[in-house]
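As written, the chain order gives the labels A, B and C, with residue 1 at the start of each chain.
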Amino acid sequence: MTGAKARPDWAPYLVLPVVAVLALPAMAFPTWLTLTVAGAAMGMMLFLMASGLTLIFGLMDVLNFAHGAFITLGAYVAVSVLGRLAGLGAADSVMLNLIALAAAVLVAACVSGAVGWAFERVIIRRVYGSHLQQILITVGGLIVAQQLVIVLWGPQPLQIPKPAALRGSFIAGGAAIEAYRMVAVALGLLIFLAMHLVLNRTRIGLLVRAGVENREMVEALGYRIRRLFVGVFVAGTALAGIGGVMWGVYQEIVTPAIGDEMTILIFIVIIIGGLGSVTGCFASAILVGLTANYVGYLSPKLALGCNIALMVAVLLWRPRGLFPVAKQ
Amino acid sequence: MRWRIVSGDRPGHPVATALLLVLLVALAFAPFLFPGTRSVAAAARICIFIVLAASYDILLGYTGIVSFAHTMFFAIGAYGVAIPLANGWIGWDAVLAGGLGGAALAAGIAAAIGLLSLRVRKIFFSMITLAVASLAQLLATQWRDITGGEDGLTFSLPRILSPAFRLLSDPVLGVRIDGRLITYYLIFAVSLALFWLMLRIVNSPFGRVLQAIRENEFRAEALGYRTIVYRTLASALSAGMAAIAGALMALLLRYNGPEATMSFAIMVDVLLMVVIGGMGTLYGPALGAAVIVLAQYYLQPGLQALSDAAGALPLLPALFHPDRWLLWLGVLFILIVYFLPAGIVGSLRRRSRA
Amino acid sequence: MPEPALLTLEGVHTHIGRYHILHGVDLVVPKGRLTVLLGRNGAGKTTTLRSIMGLWRASAGRITFGGADITAMATPDIARRGIAYVPETMGIFTQLTVRENMLLATTSGRFDEARLDGVFALFPVLKQKWHDAAGGLSGGQKQMLAISRAIVEERRLLVVDEPTKGLAPAVIEHLIEGFRQLKQTRTTILLVEQNFHMARSLGDNVAVMDDGRVVHTGTMAALAADEALQSRLLGLSLASHQ
């Protein structure tokens, strides 16, 4: 996604297929197919949640520990929206079901983006340039945001109604494939493609790519990178909100800790992918999703540990992640 | 006063010195000044959190690294004591072996994390410690045979420390000299010794190198200091101290579980203590620990009163619900990072220098 | 008749962290001329350029450009007033193509073809590498790209920091030729240079810095003719370093 490369570097692209093929002999084919689809779906949702964080870091060197709060917010907005649209969600029509989900996604994106805008103004703006202060202040923001979610929606877990048609599954290649997972994969791919187009085909995307590499030079060329960053921050938090909707609906239950639980996975994803790289984020999100599902099936107790092991392995191999971003 | 015993590192402002002396005297005579199980327990918590926050300050304040695994080390020390005692090995040797073994294990893990993640990129460190801490939490709750899972481990202490033990048959100044009191003074003495040791360390040549690295990593590297080695050592030292604090916590509670020593809430408390008191001063976190522990003990009832007073109004009762005290600590934390980034002691020092 | 000043610095002080780097820089860059800023390493040349661009903030003094006070302006606003900056590190976006690098320097997002042809005439290699990643260019080609980016649209002032640093002699000759052609278009240029050969063959005016101050200003012709002055200023500045 970062334009033409000086030297094509194929090794990181091979990681995904290698992992998928290695898992195949350990299980029956239909199981493998089910798990692969589940892993891809989880990966797509992780990508939605993580892509904003990696771009925010890449562009402004800002590490937002409160990113998970926007996932939580998205999930809770989905609870409220799908609760209101219960008629559409329960209707015996795929179309109406999808409209209910789309409404939840849109509202969550708007709410998360708006809160993200405020968060950037109030919290982030004053701590540019100091990682230490950023981490401290965003941890403070995370605590406040999480507590506010509890104030608004209560501390108890809430059911989130998955639209009726998306509960079912269909048989392909001898494996049962849940419809919702396909929706998640489709949405993830759609957003990845849209990001790809924006980054590579528009002037704003050009500025973002340039800014990730050398923001001082972008300013010296006459661009106000602050505005650009606000835009990226809002987009990133909106995407986190969308990820929260998709993940919440997938789990069918939402707790105030939903964002925190994902934050750790998201950090693993962006570290493996290479901080600041959208392509890396996409590949590593799917890698993490696949590994979690394969290992979760083969040895459930190792599920979270395997992601950390994966991160350690990747860092030992490539200390700056699979797709390192050149920084000046 | 003979500042030489603390390597000439003074609190730096008369107010800070006075506050610290008050704290020292209050803690030294806590069972006599504030009798009652609840207040002595609060004093013991303050002692333990002084060590925990100061050890975190070695990392945060003296090297500028943010770790989220500090409570993991705290918990390792606590489990180190809890596991042998809960399995029937009740004796001083078990307490000592558990506490020191936990400290060694914690230092080893910290060194391993440090060597891996400080090598790659400083910013990775925070994220990696968060992941490792969550893994540890998972282990503690899943590995029931050893850790007792969510329920944790309850155990009895060596006879001298048990509440039923009487050292003297008659009370002194109206206070019974029992196992609880001895436990308190054990915690107090070990905490004081560790705090003093940390003061010596940060003011030793080693501590000065750490500060040089924090100020300017490239310059320190250019001067020939291997920053990774120093950071890793600081990280291991900090972890070992945290583990001993954890061992003391286990002695105080006669129990250990994931919620008691490794929850994210405790991590937030420690961050608050260090930031409120003043990063990189060591004295600051000691004051911060006292402030936060006292707030925990006495703020929650205050919130309850506010919540009741707001009674019929919309949303306000929920905002002031005693369980939402973390919300207000979070707000306080943000305000301090903005407006008082040097913390109490740091700001006072700056004032006396000006 | 002397040209009117386009850029002036009066008593500029700049601190970087705890370090006081510029101790009252006074400098005048006349319109339509090439002014060379000489001085040994650490004299404050790069800091002067960065202070002009607002990349480091002057703590005292005044910087005016085309009559306007730009001392406190944000970097993008300074650039938009018509200053093109080529930093010592060149500031090439290695992940972007040559074309994309150049495109970023256009205000409208499209090229003025005639001007682009002029750039290609100056540095033909850029036309060959047009769609390649800039990270793959050689050091000299990157410097050509950096300068081309500064001139792809008309600017009122070019601020160039040590373009010959680390380049082979043949490439330096090529760059000198490029600057010569630029001078014919009466572009105002402020050039930091350690290579006295290049400085002498291009400079109209010269300012010599030492220890955070400008210690000499005059015409390049006068400096080139006066060997005693050269050895006093440059012996102190250049020879002491070499």
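We adopt the following convention: a contact is a pair of C-beta atoms (placed from the backbone, for glycine too) under 8 Å apart; a residue touches a chain by one contact, two chains touch by 3 or more.
From a predicted model like this one, the values you see are computed outputs, not experimental measurements.
Chemist: State which chains count as neighbours of chain A and simultaneously of chain B.
Modeler: Joint contacts: the list comes back empty.
Chemist: If you average the CA coordinates per chain, which chain's centre is most distant from that of chain C?
Modeler: Checked the centroid distances; the maximum from chain C is B.
Chemist: Averaging the CA atoms per chain, pick out the one whose centre lands closest to the mean of every protein CA shown.
Modeler: A
Chemist: By count of C-beta pairs in contact, what is the leading chain pair?
Modeler: Chains A-B share more contact pairs than any other pair.
Chemist: With chain centres taken as the means of their Cα atoms, state the distance from chain A to chain B in Å.
Modeler: Their C-alpha centroids are separated by 34 Å.
Chemist: If you average the CA atoms of chain A and of chain C, how many Å lie between those two points?
Modeler: The mean C-alpha positions of chain A and chain C differ by 43 Å.
Chemist: List the centre-to-centre spacing of chain B and chain C in whole Å, with centres computed as mean CA coordinates.
Modeler: Distance between chain centres: 54 Å.
Chemist: Can you pull out the residues of chain B that are in contact with at least two other chains?
Modeler: none
Chemist: Got the chain A residues that touch at least 2 other chains?
Modeler: none
Chemist: For the complex, give me every residue of chain A touching chain C.
Modeler: Chain A reaches chain C through residues 2-7, 203, 206-207, 209-210, 213-214, 216-225, 325-326, 328.
Chemist: Sort out for me which residues of chain C touch chain A in the complex.
Modeler: Touching chain A from chain C are residues 53, 55, 74-76, 79-80, 85, 87, 89, 91, 93-97, 100, 103-105, 107, 109, 131-133, 135-136, 149.
Chemist: Could you please specify the touching residues of chain B with respect to chain A in the complex?
Modeler: Within the complex, chain B touches chain A at residues 60, 64, 66, 116-117, 119-124, 126-128, 130-132, 134-135, 138, 142, 264, 268, 271, 275, 315, 318-319, 321, 323-324, 326-327, 329-331, 333-334, 337-338, 341.
Chemist: Mind pulling up the chain A residues that touch chain B in the complex?
Modeler: 63, 65, 123, 126-127, 131-133, 135-137, 139-144, 147-148, 150-151, 155, 260, 263-264, 267-268, 271, 275, 301, 304-305, 307-308, 311-312, 315-316, 319-320
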